[in-house]
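Scrolling down, you'll hit the structures one after another.
The two complexes that follow have chain A in common; it is paired with chain B in the first and with chain C in the second.
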Partner chain A sequence: MARYAMVIDLDRCTGCRACMQACKVENNTPMANFWMYVFRFEEGEYPNTHVWFMPRPCMHCDNAPCAKVCPVGARYKRVDGLVATDWDRCIGCRYCEVACPYGVNYFNWKKPSKNYYLDWQDEDVVQVTGGAVPPYRNPDLDAPYGEEHRRTAGGGRLKGVIEKCTFCVHRVERGLKPACVENCPLFALHFGDLDDPNSTVAQLLRRKPSFRLLEELGTEPRVYYIGGHPPSTESRQIEEVKARV
Partner chain B sequence: MATRVEQLPYGIGRFSTRLYLLLAVLLVLVGWGIFAYSREFVEGLAMTGLRNIGTMGGATWGLYVSFVIYFVGVSFAGITMAALIRLFRLDHLRPLSRMAEALTVIALVLAAFTILLDLGQPLRGVINLFRYARPQSPFFGTFTLVISGYLFASLIYLYLDGRRDAALLARQPGPLRGFYRLWAAGYRDTPAERTRHERVSFWLAIAIVPLLVTAHSTLGFVFGIQSGRPGWFSTLQAPGFVVMAGVSGIGLLLVIAAVMRVVLAEREQLHEGIFRWLGTLLLLLILAYLYFMVVEVLTTTYAGHHHEVRISLSLLTGQFAWLFWGAVAALVLAVIVLLLPYLPPGLRARVPATRPRWALVFGAAALVPASLVALQGLNLLTVLSAGARSLLAWLAVALALLCFLLLLPHLSRNVVAAAATAGILVNVAAIGKRLLIVVPSQTHGTLLPYGDGTYTPTWVEVSIVIGLFALGTLLYTLFFKVFPIMEVHAAEEGAQ
Partner chain C sequence: MPDSFFTASPEWRWWIVFYFFVGGIAGGAFAIAALLRLFGREVDRPLSRLGYYIAFPGSIISGILLIADLKRPERFWHMLIQSETFAPAFKWWSPISVGSWGLLLFGLFSFLAFVGGLAEVGILPRGLQALVQGGLGAVVNVLGGISGFFLAGYTGVLLSTTNRPLWSDTVWLGLLFLLSGFSTGAALLILLSWRQNLPALAWLKELDTWVLGLELVVLIVLLATVGMAVLRPVLFNAWGVLLVLGVVLVGILVPGLLHYRPLLGRLTVPGAALLVLVGGFVLRVVMLLSSEAA
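Presenting the complex of A and B:
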């Protein structure tokens, strides 16, 4: 069985947020839900400042606090290491969200079709789309995935359920890489099988020192960072995203 | 004798105009709550002030979860009374037994409702929580031990405890006779039956007592074992929940007992000794809780890492300071009130006699600026500037303190009023503390540098919570209008 992991090269990341865009298009996530989020940090005092960027997908922890607390088993750990959310079973208690130290869970506060960046009910928009909401809906997301055959792919499903980064399970199962990895113009994101010694992720982790976020909590994340350092008390976010629901 | 037989005890079945008025007001409030929930059900939780933790800068658990804990905490009263009366043979507390059990049952029903209100998919919740239940989730304990086990045990205890009275009341003709017969279920109050009942209730009380600790601890564990949430992750969380549950539960029971004493004019049954005894128990629990609080704040501010410090500072001096210090003040004032019966007699004689009327005037006056500030805080009123707002807030505090000071001489002579005042104060504090447990760890406790969040409940959440309180009061009022709230008098037994 594969042991999927992501390696993020902080030296290469320029904070262009193409990964965030790719994720939104691929997974049809509603407004203000960022399954992939890129922190833009600033450190030091003028004129000695340093700006750096840190992409933050779901960490797909081996000892996932969110999967532990889910009262109905909608959040679970797959054998290949992906932490999946069964939107067909989720009751919307949001316990996973408070348990997660990384803040990667996003709740559908209202009907996702009413919460996209465009008003799909608008007359002018309907003329173009023919009433489809949203018109670019990815058909791959509708199939059940994994040995368990559960509805775990994509976002923007129902109001009142939790969704988060799936590592693009619908792509990974077809042998493709997650959308964020595929779209990074600077090859800062890498995805692959840790058990395969020839995979990029295994090679990178052999060659370079790495760290994982909040490792001290014992969550055993599957996302490794190379070429940088974890955010500290010195790291200030430059522009924060504001809630829009 | 004939008139005496027709009159059921404790005002059962007698509905005065004032009572109808009360029921009408409560029904309107419940209806308003249902309307508010219908908005939430249709539009989703976007109608609430809850938002995602992290990039959205919000709290995903808020008022609802706080009130789940509060309601479960209040349900503490029932077990405590059962345990105290049966196991420690404190028979003089017996008149409170049924009041406490009814409070427990109704509080747990409200808690179950509140959990469903908080779910994004409530209909799924009802099914999936049973269908896919996972014992590994801390919620499992909430549903099995608290909502199911505790509620079920309390219902049975209430039923068994009331069977004798039902049998006695079923002897009299009346519209409720069938109901009492059903409740009595063949029980005729023979000596043999009575001893058997005593025995069963005793063992049931023993069986419920472990729930006293475990049930309230499970709710503490929902928060206490989340290593990713500074402010929650603490071994003191579970014991703190048990103690705070005791404080709020006994506090509310004291308020209810004081109201019953006045409404039913039962000064002999609900004598001052009860209030003095329970008041002292409440006092000890408050002191224990204050001790826990000091320990917690000292540990987190002195030795905690910067995330813990950030939350502590938001409580002590930051965004939540008004609520934190308000809750502390309420607890301290409750301690002062509960210490009044221990004034030396010489000192008490020198306290000037005052009427509570002026205190009540100031208290009512304090509500005006307080509600203005509250409306502004909920974004329902936007005319006040920040300066005017803080001025009004301090005015409310000053008026409330004046009210308290003017009330003190009266309270030092009236044990019942003192116990009820303390009960109200600790419940205000309990609600505040519950919010402070739930919210700051989400808005100020993110381990990645997301920046501080905010949480302001909307009119939907506030209306629903008010509706829940109205529903609880409604159920309670109706219950004691169809069933005796205390054991039927020994004198009336003799009359049969």
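Presenting the complex of A and C:
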């Protein structure tokens, strides 16, 4: 069984946020839900400042606090290391949201169909489209995945359940890479099997020093960063983001 | 950068505030009732029955509040039964899972004691008073008391196992909520029984005073150990003022004083009890919502 991990090269990332866009399109996530989010940090004092970018997907921790605290087993760790959410089992208690130190969980407070950038059922939109143009929905997201055969892919499913990055489980199970990795124009994101010595991730981690986010908490993240440093007390987030990130 | 930089608020608001408050009172009242029943005298039985009458409705209200906060309330049974296999769903390492079972057990024992209490006063068949008397009564009181003890305190532990500001920065929340559950449970018992002049009332007031003192000590330790980096964004604001005025002054110091000096005449006893209840509620409000505001 593969042991999947992601390696993010901070030296290569330019903060273009193509990964965020690719994730939204691939997973049909509702408005303001960014399963992949690129933080923009500034350090130093003007005029000697340094700006850098840090993509943050779900860390798919080996010691996942979210899976530990979930009272109903809706959040669970798959044997290949992916941390999955079973939408059909989630009760909407939001305990995973507070247990996760990375803030990767997004709760569907609204009915997802009413929470996209465009509500295709809105009467004003229907006047223009004539109802002929359906909203795009990735059909791969509806199948059950994993040995457990549970519906865990994609977003925007139900009001009142939690969602997060799945490492594009529907693509990974077909031998493809997650959408964010596939669409990064600068090859800053890498995905693969840690147990395969020839995989890009294994090679990069052998060649370069790496760190994991908030490693001291003992969560054992499956996302590794190379070519940079963790955010520190010197790092300031340089934008006011309207949506929760 | 604090550990909680990336974390998100779960938006646990008023349903949870009231659940923590009512659950604390119910658990505390039953634990006191069980102590009176197990170690008290015959004349203390009316007060212990009052504890049962508070605990059972409190457990029902707690369950309703907990389910109301779920955003898929129709799936609440997933907390007790696995939806695919229908096997019991119990995760001893998840505070919500353990809490759900704890609340269920507390509901069961408080119901048995409630029925036994009604049987003692002749509302239900006399045979049912065995539920609170003799060997069976001892079992119901011990197990109900333990589950009440648990219900009053686990909510603080639940908050401590998160990664949110304040909640995750202290291990004292469980003890604080437990003591507050006892003090508010005792206060409600006093409030509902002060006109009857029951013999155990003096003991209850003394217990309440001691518990309030301990609560103040634990609160000070909690605040002293979380550090300024957490206190500044979380409590150096209106929430901090509310904590000092609403909890320390109104909920602990003034009632503690009233237990020794009858400054309000014949209303001193119920007045002190009412203030303890107000303080217990404000404590839950501040501890939950100040972290949310950070």
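Worth pointing out:
Note that the second predicted complex is superposed on the first by the 231 of 245 C-alpha atoms of A that agree within 3 Å, B and C clash if a C-alpha of one lies under 4 Å from a C-alpha of the other, contacts with A are read in each partner's own complex, and residues count from 1 in each chain.
Keep in mind that, in the parts below, contacts are C-beta pairs under 8 Å (C-beta built on N, C-alpha and C of every residue); 3 or more make two chains touch, one makes a residue touch a chain.
All figures in this text were calculated on a predicted structure; none of them were measured in a lab.
Partners chain B and chain C, once the complexes are superposed on chain A, run into each other and clash. Contact with chain B, but none with chain C, is seen for A:K110 once the two complexes are overlaid on the shared chain. In the overlay built on the shared chain, the residue A:I91 is in contact with chain B and with chain C. After overlaying the two complexes on the shared chain, residue contacts for A:C100 are found with chain B and with chain C alike.
After overlaying the two complexes on the shared chain, residue contacts for A:A32 are found with chain B alone; chain C is out of touch. More chain A residues lie in contact with B than with the other chain of the pair chain B and chain C. Applying the stated contact rule after C-alpha superposition, one finds that A:G227 touches neither chain B nor chain C.
After overlaying the two complexes on the shared chain, residue contacts for A:G146 are found with neither chain B nor chain C. Of 91-99, 379-387, 397-405 or 469-477, the segment of chain B whose C-alpha atoms clash with chain C in the superposed model is 91-99.
Annotation: chain A residues 56, 65, 68-74, 89-95, 97-105, 107-109, 158-161, 213-214, 217, 231, 233, 235 touch chain B in one complex and chain C in the other.
On the chain A side of its complex with chain B, the touching residues are 32-34, 37, 39, 41, 56, 65, 68-74, 89-95, 97-111, 115, 158-162, 213-214, 217-219, 231, 233, 235-237, 240-243, 245.
The residues of chain B lying in touch with chain A in their complex are 43-46, 50-58, 60-61, 118-122, 124-125, 128-129, 131-134, 136-140, 143, 222, 226-229, 306, 441-442, 446-451.
Residue ranges on chain C touching chain A, taken from their complex, read 1, 3-12, 69-73, 75-76, 78-79, 82-83, 89, 91, 93-97, 100, 158, 161-164, 167. Across the complex, chain A meets chain C through its residues 56, 65, 68-74, 88-95, 97-105, 107-109, 158-161, 213-214, 217, 231-233, 235, 244.
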